[in-house]
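A, B, C, D, E and F are the chain letters, set down in written order, and residue numbers restart from 1 in every chain.
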Amino acid sequence: MVKCQDIIDYIEELAPVELAEEWDNIGLLLGGRQRSVSRILVSLDVTSEVLAFAVNKGVDLIVTHHPVIFGKINRICDDDIKGRQLYTAISNGISVLSAHTNLDYADNGVNEQLAAVLGLSGLVNLGRGPGRLGVLSKRMGLEDFISHIKTKLDVPFVRVVGSVASGIYKVGVFSGSFDNDLVTLLESDVDAIVTGDLKYHTALDARQAGLCLVDAGHFATERVILPYLTAGLTERFPEIEVIHFKQEADPFIAY
Amino acid sequence: MVKCQDIIDYIEELAPVELAEEWDNIGLLLGGRQRSVSRILVSLDVTSEVLAFAVNKGVDLIVTHHPVIFGKINRICDDDIKGRQLYTAISNGISVLSAHTNLDYADNGVNEQLAAVLGLSGLVNLGRGPGRLGVLSKRMGLEDFISHIKTKLDVPFVRVVGSVASGIYKVGVFSGSFDNDLVTLLESDVDAIVTGDLKYHTALDARQAGLCLVDAGHFATERVILPYLTAGLTERFPEIEVIHFKQEADPFIAY
Amino acid sequence: MVKCQDIIDYIEELAPVELAEEWDNIGLLLGGRQRSVSRILVSLDVTSEVLAFAVNKGVDLIVTHHPVIFGKINRICDDDIKGRQLYTAISNGISVLSAHTNLDYADNGVNEQLAAVLGLSGLVNLGRGPGRLGVLSKRMGLEDFISHIKTKLDVPFVRVVGSVASGIYKVGVFSGSFDNDLVTLLESDVDAIVTGDLKYHTALDARQAGLCLVDAGHFATERVILPYLTAGLTERFPEIEVIHFKQEADPFIAY
Amino acid sequence: MVKCQDIIDYIEELAPVELAEEWDNIGLLLGGRQRSVSRILVSLDVTSEVLAFAVNKGVDLIVTHHPVIFGKINRICDDDIKGRQLYTAISNGISVLSAHTNLDYADNGVNEQLAAVLGLSGLVNLGRGPGRLGVLSKRMGLEDFISHIKTKLDVPFVRVVGSVASGIYKVGVFSGSFDNDLVTLLESDVDAIVTGDLKYHTALDARQAGLCLVDAGHFATERVILPYLTAGLTERFPEIEVIHFKQEADPFIAY
Amino acid sequence: MVKCQDIIDYIEELAPVELAEEWDNIGLLLGGRQRSVSRILVSLDVTSEVLAFAVNKGVDLIVTHHPVIFGKINRICDDDIKGRQLYTAISNGISVLSAHTNLDYADNGVNEQLAAVLGLSGLVNLGRGPGRLGVLSKRMGLEDFISHIKTKLDVPFVRVVGSVASGIYKVGVFSGSFDNDLVTLLESDVDAIVTGDLKYHTALDARQAGLCLVDAGHFATERVILPYLTAGLTERFPEIEVIHFKQEADPFIAY
Amino acid sequence: MVKCQDIIDYIEELAPVELAEEWDNIGLLLGGRQRSVSRILVSLDVTSEVLAFAVNKGVDLIVTHHPVIFGKINRICDDDIKGRQLYTAISNGISVLSAHTNLDYADNGVNEQLAAVLGLSGLVNLGRGPGRLGVLSKRMGLEDFISHIKTKLDVPFVRVVGSVASGIYKVGVFSGSFDNDLVTLLESDVDAIVTGDLKYHTALDARQAGLCLVDAGHFATERVILPYLTAGLTERFPEIEVIHFKQEADPFIAY
């Protein structure tokens, strides 16, 4: 019988807890270490849709990238969305285990999966954050590069900041939400960076700094970790069912 | 049908939220405002014994003096006692509503109930805290006063600090845990104070200041509020069952 | 002769300084109050393009929405973009006057201009922030509403979060960057809100709360203030030239 | 001639200053390092009784466990108890030297003396605090254990929390005031812990955690250090008189 | 019999405690309110010389401008100067009462005494601090003004910053240590300010701002309060001896 | 062609940046690292007089001891003195490079230059600050020592605190503003210390501690660094003109 603690141990192998940022909330956030686990759901977030699916399928444990509790709480009431979700999970005996910034930084973690999907090789760290820097198989024009990203990440649109005359070869990836450390990019001598959740002032500074940023969305630059987690869990725990929740959808729809 | 919000409204009448200390955590801490309530349990704390009884009796709502969550949390796991209790309550659809320092300060609240049980009259505030000051029906010697307290509060022992030669007439009450503001007592010209949970250094200072303190226990000086809450809820909501959990026991046993 | 102080006085009429958030940096940020002003440029930001234009045209004063210095500095060197811009402005005798959150909150300010452009009437405050709530001339379906926004704000795309089955009539506007106070929206009983710079987690929460948000961009929801400022300055100071810098471009380009 | 500094040096041998908690106030708190010392009084606290005795006996130096000044002061007036005590000591040329948490942690210090009095052997540290863990000479039932404690510590009563069915062999000691780190106890696999000054909420948590705590009082669990200090000073400084103030009394009297 | 509390009450009439800065330490700092007072010494500071005189003369109470304890303390040992002074005062039964920033701000307080000595009339507040602004009986040249100050304050030298071409008529006084709020001076349209304890950077800024500051010393600009205190105490308490300690000397001697 | 960066590199050799206090603001504070430098002005401060001279002489870079920006700023306007100076420097293409506490601590830095001017040898650190301790060539009486200082530092007066009966041989120097760490001096067994900018309370404490301090002024004890900087720059960069601004004047003039 697989226990929740076994899954925790495995996830900590993939994403060591000491890699997490100090402000983060990771690990087992709901449930119990001694509970048995026979069905796992892997998703980016714990949304109402994810929970409805989990309840319906008899899932014991949801493994997520984003922490199900972020910030501290002193009451749990079903009068608001977050309280309702915690109630649903607890009442249905569903545990939640989250690997967040520890998985962003980890070898083969979120940023390295993003780099792999985009076909980058020769990865090194991108400055002081969890991002990575690598090279494409060949230099591309910006139009081709944008098409490449849209195809590989399966997104209907991207938001591009700045431009690059001489083509793109060295590419940085910073999955999720870019932390605005433009100096990191300038020092890294990168042709373009693929990231998500860019704010206007960051974009304005980047354009003036002559950088080229491609915002493919927080969602699309992070969900690339889900197949990796699903495959790893499946291989390590063949006796339990591991489901990748593919129905998860980006909250942003472009018109 | 009575909703949880109806109970909240009534408790806020008894113990207005603006009376609570800033650091406190009061109100509905578990459950939901729109839930229907047909059976209430009234207790000092949410202990495992209280929860077992509540589950067994089909209780919908526990009304307590001590907050079920104290300090903020960022995970809820059944690997520790507090997590296990939250799990039990949530899984069994039990809401928890707490009135703490707001009930200490309130008219007819914890301190005034303690004063009433001890037969004090002519109540005024005792300094800057929630305590009250009143007078006995007649002056008593210390031995008689101690017997009076033990009888009225039904406690097998009290811990006494200091003494009083001229007998006791003016009595302060400070239910629960005394906050050590001895100056308040000196200014109040009190013969003795009945309180709980005294620490050694407070006792030492009090003895040297010539004060007489009777520590009848945190438990015994606060549980006096439970009959008041039970009776009030029963009268206001005749259609629902209100149970006073009389099996609650002081964790301290003297030998 | 018009002095810089005259322009400051007029801008403070439009956007009283006491409306600004405590963390903001507003007013005359570069230049001098006693300088004469004969040519004003009105823009959203002080970018290198804005400065090049200002130098070329002999502009004395740039009036912006975004503060040219944000956060405090302890050196001014032309080795980085911001330092270079300050050098350019100072060396060319160009003053900069910024009205930021005071203009967001002001009557006829940024949010009210956005509401006006979208044809909203009956404006009231939207919760505790600078946003406004109004009604369209008639209820629209979501598709029509999106077209309406794209046309009125002249934007090639918007990012939509959530949906609304019953059509849109009550519309909130929150120009620039939404501050994530979703409770404000829930309490306001709004059909949709038009805003910019939405982050993923805000969007996810909003979708689950059943809200419909339309992110038309930080740039497009704020530049609506520029014609108002330009017209006001022109009318008040007929003897000086006031130029609306229409070449300013959103740093985000969608593909 | 023995100087105060000689006594300080010896006490620092017994209780190295680097062992003290950061918040503590230890060492020479009143008096002067160059003063000659011919008579020392050893006590737990500096109370009015201790001072009266010291003045009467011509004591030069009081060596205490509890700091005579705790918390910082900005005036010394004899209108309150503490000021009056400082005045008495200073006016009578009495120095005060305190060894507090450094003596709690020290080898042969307060906790080890308590363990020795209770007949514990094989001492190791109890978790992260100054407590110690040892074993009795044989397993005892709870009733016998309680009698053993009352006899050895010469206390008329103890307050017991929780119970233990299988008898007591492994015993933790935490002299003075327990710091509530229950996790330490759970990890230490202890049958019972002897401590003092327990608060109600700590007791409640302990009972639910299945722990057995015996509160023998702050006073009784710390005064065990006084014979050790007295004997050590007497042996090291044979030319001076060292008096153990045995008249000190617990401020709590049980009825 | 005059009690210390009587003197406190009188000093609080002259210098109400609510005028003191929040960081200040004022009032009875050593001694006791119920002590009888038959001889008072009035001085600026409690120095070793002041104490030696007080001990020799049998002084009961020293009334000072500068607090005898400044900053909080957690030990009182005669191994350092301050500890030795506290020991001397306490051992000799000498109380100390200090009126500091409350006396700086008070009507007829330190600044108004300084203004009076310099012959200023028509006093108003100087900006936001305790300083005062008044006018001389006639306009003087700078050289004459400097001679006037040296004569009236009986100082052998002053340090002058800046100059003033058109003569001096409006004069600010800021006794003790100037708090560097130059804007206050610029707004006050003052010809010169008399103050003490100026720092280099303040002087440099003042010179560049075109201000004229005369630093007559912290000592000389504050001791002017002593005759006022002495006379007031003498008049109010004719039955006790009040001594103005005229031997106090400025620690700075110019060569 | 010499670039500003070359000068920065050289100054950092003399005064390594890691020596600076954490609160300090050092290095290139105005200008640009890639700018060419053909004329340098060396001064203690950036005053209006310094700037006027620099503009007149076509100076590219001012090297100062005191930072031109101290404390952080969020606007640069010519309505106040500091803003006007920044405007003048920037508009005239003048860079400013400051070496402050790093130069105080450095080998051959400000304190060592002061010691050299005073003829001290055998230098060691004076306590924990940047000061130095050395010995005169022979023991001097205080009067002679004062004359020596006045001659060597070319100052018309000094302010002396305390006295020294046995003559002066061991001398501490603490250039600029003394940081009041009197314990440092007591531990160093020094006969006298030469410093600047002493405050009254420091002087009073020093006199009571039996110390002898000679305050020769912030200005005079720091300007000794200017010839050293001038000579060093001249030698290292023979192709550029380096001007020592000798017209700088102490803001304090004694009468």
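The working rule: a contact is a pair of C-beta atoms (placed from the backbone, for glycine too) under 8 Å apart; a residue touches a chain by one contact, two chains touch by 3 or more.
This one's a predicted model, so the numbers in the text were calculated from it and none came from an experiment.
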Shortest contact path, chain B to chain F, counted in steps: 3
Set of chains whose contacts include both chain E and chain D: none
Distance-maximising chain from chain C - centres being C-alpha averages: D
Chain at maximum distance from chain A, centres defined as averaged CA atoms: E
Chain D-chain F separation of Cα centroids, rounded to whole Å: 54
Centroid spacing, where centroids are CA-atom means, of chain C and chain D in whole angstrom: 66
Centroid distance [mean C-alpha coordinates] between chain C and chain A, Å: 32
Junction residues of chain A, two or more chains touched: none
Category of the chain touch graph - line, ring, star, complete, other: ring
Cyclic chain order - from chain E, heading first toward chain F: E, F, C, A, B, D
Chain F residues within the chain C interface of the complex: 25, 27-35, 69, 71-79, 83, 86-87, 90-91, 93
Chain E residues touching chain F - in the complex, by the definition given at the top: 45, 47-48, 66, 81, 146, 150, 157-162, 176-177, 196-201, 203-209, 215, 217-219, 251-255
